[in-house]
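Going by the order they are written in, the chains are A, B and C; count residues from 1 in each one.
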Amino acid sequence: MTTPVLDVKQLAVQIPVADGILHAVRDVTLTVARGETLCVVGESGCGKSLTSLAVMGLLPGSARRTAAHMRFAGEDLLDMTPRRLRDLRGNRMAMIFQEPMTSLNPAWTIGDQLTEPFLRHGKGNRREATDRAVFLLERVGIAAAGRRLVQYPHELSGGLRQRVMIAMALMCGPDLILADEPTTALDVTIQAEILHLLAELQREFGMGLLLVTHDLGIVARVAHRVAVMYAGEVVESGPTVTVFDEPRHPYTRGLIDCIPIPARSRPGVPLGTIPGLVPSLVGGIEGCAFRERCAFATEPCARPVPVTTGAEGHAWRCILPSAVPSLLENPA
Amino acid sequence: MSDITATPPPMKLRKKRGRILGNSGLILAATVLGLITLMAIFAPWIAPHDPYAQTLDDRLIPPAFIDAEMADPRYLLGTDNLGRDYLSRLIYGARISLLIGLLTMLVSGVIGTVLGVAAGYFGGRVDTVVSFLITTRLSLPVVMVALAVVAVAGGSLQVVVLVLGLLLWDRFAVVMRSATMQLRNLEYVAAAQAVGCSTPRILVGEILPNLIPALVVVASYEMAQAILLEAALSFLGLGVQPPLPSWGLMVAEAKEVMLFDPWVILLPGLAICILVLAINMLGDGIRDATAPEGRS
Amino acid sequence: MLRFTLRRLLLALVVGIAVSAIAFMLLRISGDLAISLAGEDASPAEVERIREQYGLNRPIVVQYAEWLWRAVQGDLGRSLFYPESVANLIMSRLPVTLTLAGLGLVIALLISLPLGIIAALKRNTWVDRGALGIAVIGQAMPNFWFGLLMIFFFGLALGWLPISGSDTWLHFVMPAITLGWFSAPVLMRLTRGGMVEVMTSDYIRTARAKGLPGRVVVLKHALRNAIIPVVALCSVQFGNMLSGSVIIETVFALQGIGYLAWEAISRRDFPVVQGILLLVALFYVILTLVADILNAWLDPRIRRG
């Protein structure tokens, strides 16, 4: 068993806010292997973006992160010196952000921003940097790459800018890419193209890909494995097919039920919903965070719920003895 | 017995009061300013001597904290080169600075507000003309023009106020113009127009009251500018004329004897500094209290 | 871009004419120029003679038209007290003032840029409050008083620097510092504000994610964007320094156009005064234009639409 590219155990992030301490991430355990795509899925505010920021060491100044361990290709990330962390960033682990429109510096050319990490991490000289930039721009589907190099970000559309961001992440040949909702801000047709591109690139370059999203459709399409997050915790994780076929946590089941399926959802039949609201994360939470909204909750759910593991690395945080049945009138 | 039926003040006002009272800089500034104003008003009763009385035997006596030996208890802050009591002159000087500051601020405020509100509300031609006026005014070197006019018209309080007032309205105009433009597009103005309110009524009733916070901030800034400019003009001999105890003039007089008694330049300059500082801090404080989201 | 520049140049011309007209009128209507020139004790006959001699008895518009016509040909008239033409007089003194203003601007930037950047990076710490405190105090001091204090400390008490004249570069140190100190607060606040806003941008996060060192992130990525309005303001500040040179040059006895203006005003040498006002006004207008051009040029979004 080779060393996973990313190995995180019991990651927690706390942010001081006006009324106390916000436990934005409470307990996240996940691994990403080389050549594998792990999707972290959950609704807004569940802490999935902060998880990837915590890995990269890009949390806001007042935030505190703790973990049992957090390793990148075997190297400890928690106690790493800032200098070493900067050496890794943009080099062996790279990040793609959600907003392509504002993630590029308007005052510098595309070419300059692409070659920057390459030169900074000593991968070669300026000539080689430019060559690689052109190669990658073409690889991500941007025609006339040479001309694009001297253009400024505002001269490119959102879809093009996101492709540039992907190329930028690949400049130094990273072992791990963290993509935080890379397609959310784009048109639906472009979304499909970008996802297809990411999957292709992964097959070709073999890096690990941690893809954060709120869209289960994306998970179904590209993820080898999935981690479902709720209220700062991973509530279920495992191979995508297994989790989708036999969800062991009611929240996962709720998410799956929520997906409208054009062929099957008929007029007059209510779409799936999950009643209730996400609990506040200020101050700790006792027991299962989902129990207020869960149709299957019982008294023991008020106490801390242990993680149960099953076959092929399928793990879940629920005491239900078997797969959660669908709550729809006419389940898929 | 408290009136239990009294309604509490609107939430916004209560919050504002809290912010005003909680801002220590604002309170300090207001206190200092208040003290200086009182000092100016009650000058004849506070000042130990006549600021114009020259006693040529008692020239250039230093204050106690400079040279305790040579000091004279009759003149707490010493005397100037004509034997006049410094403390009294400083106290009376506050009158000149405050008077000129206030009057100039009023003159320039009226001009600038009228122009700015007209430009912001009516737009179009009016705006073009006013913008041109502002650009032209901004291209005038204020100090030089003020000097030139005072030189020809003669230096006196009225002339200084008039000249400065006619020159310092640009900031009022710019700020009032942009503020009015923002307000004009708000719904309640459209509502007032729809109901058939006449233009003057809209201007006075809807727009003007909402301009007051910005107006106060600009007014404080311009008052400080006026005081500094008057001091500069008087320093150059082309402002208020001697023997009036303008602080700027006092610095000029002190400059003459700087080689031998350098301490003389300290006090009037410091007085100007403190007054301007207090006014600026007051303006900053009011701006913070009325627009809290803008501040970091 | 070109059309924009041309339009602004035209505006500059119109404003320049307007300013010169205002200056011209002001000198004549704020009082009787002839009486001012002749002096208070002069007899009515003398005053009349002066009026004749300088053509002050003609309608103002005629006087102005004549002066303007000559001015566009480069003839600004002759000084009433100096033997040279106004144009020569001004040109001979201009280098001193330009040097002074230039040095003043450099000093202002040397003070305000580092302070502004550090204050933005360490917001709400004592460094930030200290910098803002300096800014607040700097804006409250009368500049002539500050100049005098400097003369006293560095010139008289310590004897390090010369206190008057403009022979060596040392003569410019104190005046330049006085000028710069006065402009620094507003530049510092603008820098700080711009940096604070820019540092929260997404592209700064991207720069960090690329593993770039802090220095590069702040200077190359953040400052490059935050500085745009500051550069534009510098242009305007330069203009203010030209105007404020009147005070500084008289305090430090520097032979620039500010000093010349004060001399001319005191002596009612009105051709010189008109000439200087026209020149400074033109400078102002051109500097504002330069500010707009710099603004547009530094921001690629405007430059390349």
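We adopt the following convention: contacts are C-beta pairs under 8 Å (C-beta built on N, C-alpha and C of every residue); 3 or more make two chains touch, one makes a residue touch a chain.
Every value quoted in this text rests on a predicted model; they were computed, and no experiment measured them.
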Fewest hops from subunit A to subunit B - one hop per pair of touching chains: 2
Chain pair with the most C-beta contacts: B-C
Label of the chain whose CA centroid is most distant from the centroid of subunit C: A
Distance between the centres, which are taken as Cα means, of subunit C and subunit A, whole angstrom: 55
Distance from subunit C to subunit B - Cα centre to Cα centre, in angstrom: 23
Interfacial residue positions of subunit C with respect to subunit A in the complex: 201-203, 205-213, 216, 220-221, 224-225, 298-301, 304
Of all residues in subunit A, those that touch subunit C in their complex: 56, 58, 85-91, 94-95, 97, 99, 102-108, 116-117, 120-121, 152, 154-155, 165, 168
Residue ranges of subunit C touching subunit B (in the complex, touch as defined): 11, 14-16, 18-19, 22-23, 26-27, 30-33, 36, 123-124, 136-137, 139-145, 148-149, 151-152, 156-157, 196, 242-244, 246-247, 250, 261-262, 265-266, 268, 273, 276-277, 280-281, 284-285, 288
Of subunit B, residues touching subunit C in the complex: 132, 135-136, 138-145, 147-149, 151-154, 224, 228, 231-232, 235-238, 248, 251, 255, 258-259, 262, 265, 269, 272-274, 276-277, 280-281, 284, 296
